[in-house]
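Can you keep this structure in mind? I'll have questions shortly.
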Amino acid sequence: MLEVERLCVAFRGQTGPREVLSGVSLSMRQGEILGLVGESGSGKSVTALAIMGLLGEQGRISGGRIRLDGRELTTLNPSDIRRLRGSCMAMIFQEPMTSLNPLLRVGLQIEETLHAHLPLSRAEARTRAIQLLGEVGIPAPETRVDAYPHQFSGGMRQRVMIAIAMACAPRLLIADEPTTALDVTIQAQILALMRRLRAERGTAILLITHDLGVIAQMSDRVAVMYAGEIVEAAPAGELLHSPAHPYTRLLLASLPTTRRRAPRLPVIEGQMPGPGTIASGCRFRMRCPMAVPRCTDETPVLAPFQSGRFVRCWRAGDIAT
Amino acid sequence: MSAALELVGVAHDFPVRGRTLRAVDGVDLAVGAGETLGVVGESGCGKSTLARIMLKLTRPSEGRVRLLGEDVTDLMESAMRPRRRHLQAVFQDPVSSLNPRLTVRDIVAEPLRPLGLRRTAMSQRVLSMLEMVGLPADAAGRYPHAFSGGQRQRIAIARALAAEPRVLICDEATSALDVSVQAQILNLLADLQEQLGLAVVFISHNLGAVRHVSHRVAVMYLGRIVEQGPEAAIFDHPAHPYTKALLAAVPDPAPGAAVPVPLPGEVPSPLDRPPGCHLHPRCPRTGPRCAAEVPPLVEFAPGHHVRCFYPG
Amino acid sequence: MRSMLLRRVLRQKGAVIGGTIVLSVVLTALLAPLLAPHPFDATDLLNTWASPDDVNPLGTDQLGRDILSRLIIGARVSLAVGLSVVTVTLVVGVSVGMVAGYFGGRTDAFFMRAVDIVLAFPEVVLAILVAAVLGPGLLTVIVALSLVWWPGIARLARSLVLVQKQELYVDAAIVCGTPAVKIIWRHILPNIAGALLVRASVGVGFIIMAEATLSFLGLGVQEPVPSWGSMIRDGLPALRTDPMLAISASLVIGLTIIGFNLLGDGLRDALDPRLHGR
């Protein structure tokens, strides 16, 4: 349903364009939840914005293809992309307070999306808006539909965002850190809601987050990003059980968990390199405990690894258990 | 072991639009040297207000604050200042907690100024602090914006420890950091505590991080401590329904872990706290007493206290 | 940090133009006696209202004095007033505003009441009152304008301090045991200096305008010392027949104000969004 092939995105910088995404490829089937995990600077949000056509003035797609239901997105003009947004693909963000218009009642904001894509009368749209609010678990939707965003709590606002996003039953929902700003117990509710929507409507969800725990609970498959590239992709269970890329492995190991108290957390020394700073060779090699000369001399590619898995590492086979 | 920092019956009210918001309600806490007390809770639980009270940035409406055995609750700021060297903090935001216009040297040396050291002694101390937190010596002459979030937090830690305090309050010290950097800072804090014998209060909403650094843990909900005890007891044998729900809601990256079970409903606004036990509208175990009376903090197991009529 | 700021300022076209104008005015004022072709008070009653020619590039005024020379010397007056008033108002206004903003409570209420009271007076009325007490002259203008302008600066400083008080580094400084005065001076002031500087540079333009108004009303420097404002006053009656005096004085004032405004805008642009855009 969604196919991203060798996507490259460049941002305009003070000293020339900088490549923020270097050949990102991924694919999603209908009804699948793909977790895109990475730290800040890895390029995960940029990937989402590129798919939605929301890169803005500073960025542009400098290479690759994006196909949604067979339709090529990179060559569309802005008004065509706008027609797709909301109807075929939708996005929710981390901070619902800044994504919702504080001056408009939430019902109107839902109806706005409905009117943009569906031929509904005012009354029909309002009924549908109330219905949607109920579906995302907002109590007393008939009264809440006329409330303003600031009258909702953080979790409720995120539910409103989801209602707006799902209003026209898009095939693809992109969620960029949807629960990062929420309390843990509310996060659990929102994630449960998203799982339910996937089960009931068959919506595919591209879930972007830095939280490996969320990834573990939600995703069917996972793609790990580092410095503008995908370094590993695999079914969730396999990736978490036996990570093949050293970065994934270290990342998982360095997470403090509530299950037991580790004597000392393994760390990844150093920092993620900025865009365009590494011309060749593996981008993780400076921080990798398993680096060998080949990592500097030859740039690793995302290669098949076991069945259904991909890893970008020359030594992937050496550490997988 | 006498406590380095102690809070007794601390409560704090904020006037909000004609009503009163009780942000902290009847909190008793104590931390001793060489010990880390973790404080966890979600939004509205009062932990940020508690941090400010501990740091004497806010004066509590009720209760006493004891620093190194001395009651400092009523001290004026001028009297408090000489005592502040022993009560330091690392804050959440490494960007705004460091003055962007000062050099790292000036930032780290700040707690040393009231001590009247000579210039050379101060510079020496700054350099040894930078070394202790793993920063290069040439960092001293640079400005905060030249450093990453993790490095800035190290600068903040260097500043906090420069005057050899006995108490360190970490208010969401790792929450704004990337996952891989968080581990570095947690290790650093644990090492420093061991080296220096600090009493540490680690406030965070990240339960995994709290587990990793704390010896004892206090769980807060809507201004009250609902459970308190040794780290192993709280995480492995939680007795309060809220603690259980909190732990159950944390998504676990371990393969095959259980799917989080959400606690129904929302956290009520601190302005409208439910009567009796605050959790009763959402609690899976609520009973007739819960709405009528406030459960007291009782000892459930040695050193393990719970505020619930139906614990365990 | 400072060289970066300079580079950013230079990149702003407006700031460069404004800065050039301001620099020209300042240099003119400093070197006035050397630049003026004729003494400013040399009257020539046989040559009043002369048209521009080789001897008097801009012509002469109602007493036969060279307009160009008087404009050049007038720059001294304008600049002297502009800079002294800005200095006084910055020192007084920033101190009051910062103390009120940082300490809050009754201190804040007290100072802000004082600010409100002064702001209630129109500046011209105040100037007239001061002139009645002190008699007209340069000092009067400086005193009057300082009295009128310091509350605005105080209000600005106060609101800037209120914003900075929310920042964590202020809490951190308190926790370090730094006394309040040091916090205000070492921590907060450097962080608000930029905004204050912008306001000050735009303010100089307005102050020069105000000085011209006061001189126009006869409250400023007295004859024969020239002030751009009094020159306009002198030139108005003859506007139909010999406009050069009034027009040249007005143009010079206008250009100077534009220069300061452009400089102020350029400073603001160089300081604000780039810093946040890091």
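The first chain written gets the first letter, and so on, giving A, B and C; residue counts start at 1 in each chain.
Note that a residue touches a chain if its C-beta (ideal position, glycine included) is under 8 Å from a C-beta of that chain, and two chains touch if they have at least 3 such contacts.
Everything quoted here is computed from the prediction, not taken from an experiment.
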item: Arrangement of touching chains [line / ring / star / complete / other]; value: line
item: Chain at maximum distance from chain B, centres defined as averaged CA atoms; value: C
item: Dominant chain pairing [most C-beta pairs in contact]; value: A-B
item: Geometric centre distance via CA averages, chain B-chain A, whole Å; value: 32
item: Centre-of-Cα separation between chain C and chain B, whole angstrom; value: 50
item: Rounded Å distance, chain A centre to chain C centre (Cα mean); value: 54
item: Residues of chain C defined as touching chain B within the complex; value: 1, 167-169, 171-180, 182, 186-187, 190-191, 278
item: Partner chain A, residues of chain B touching it in the complex; value: 42-43, 148, 150, 178-180, 182-184, 186-187, 190, 205-209, 211-212, 231-232, 235, 245-257, 259-264, 266-267
item: Chain A - residues contacting chain B, complex; value: 39-40, 153-156, 183-189, 191-192, 210-218, 237, 240-241, 250-252, 254-262, 264-269, 271
item: Chain B to chain C touching residues, read off their complex; value: 55, 57, 77-78, 81-82, 84-85, 87-89, 91-93, 96-102, 110-111, 113-114, 143, 145, 156, 159
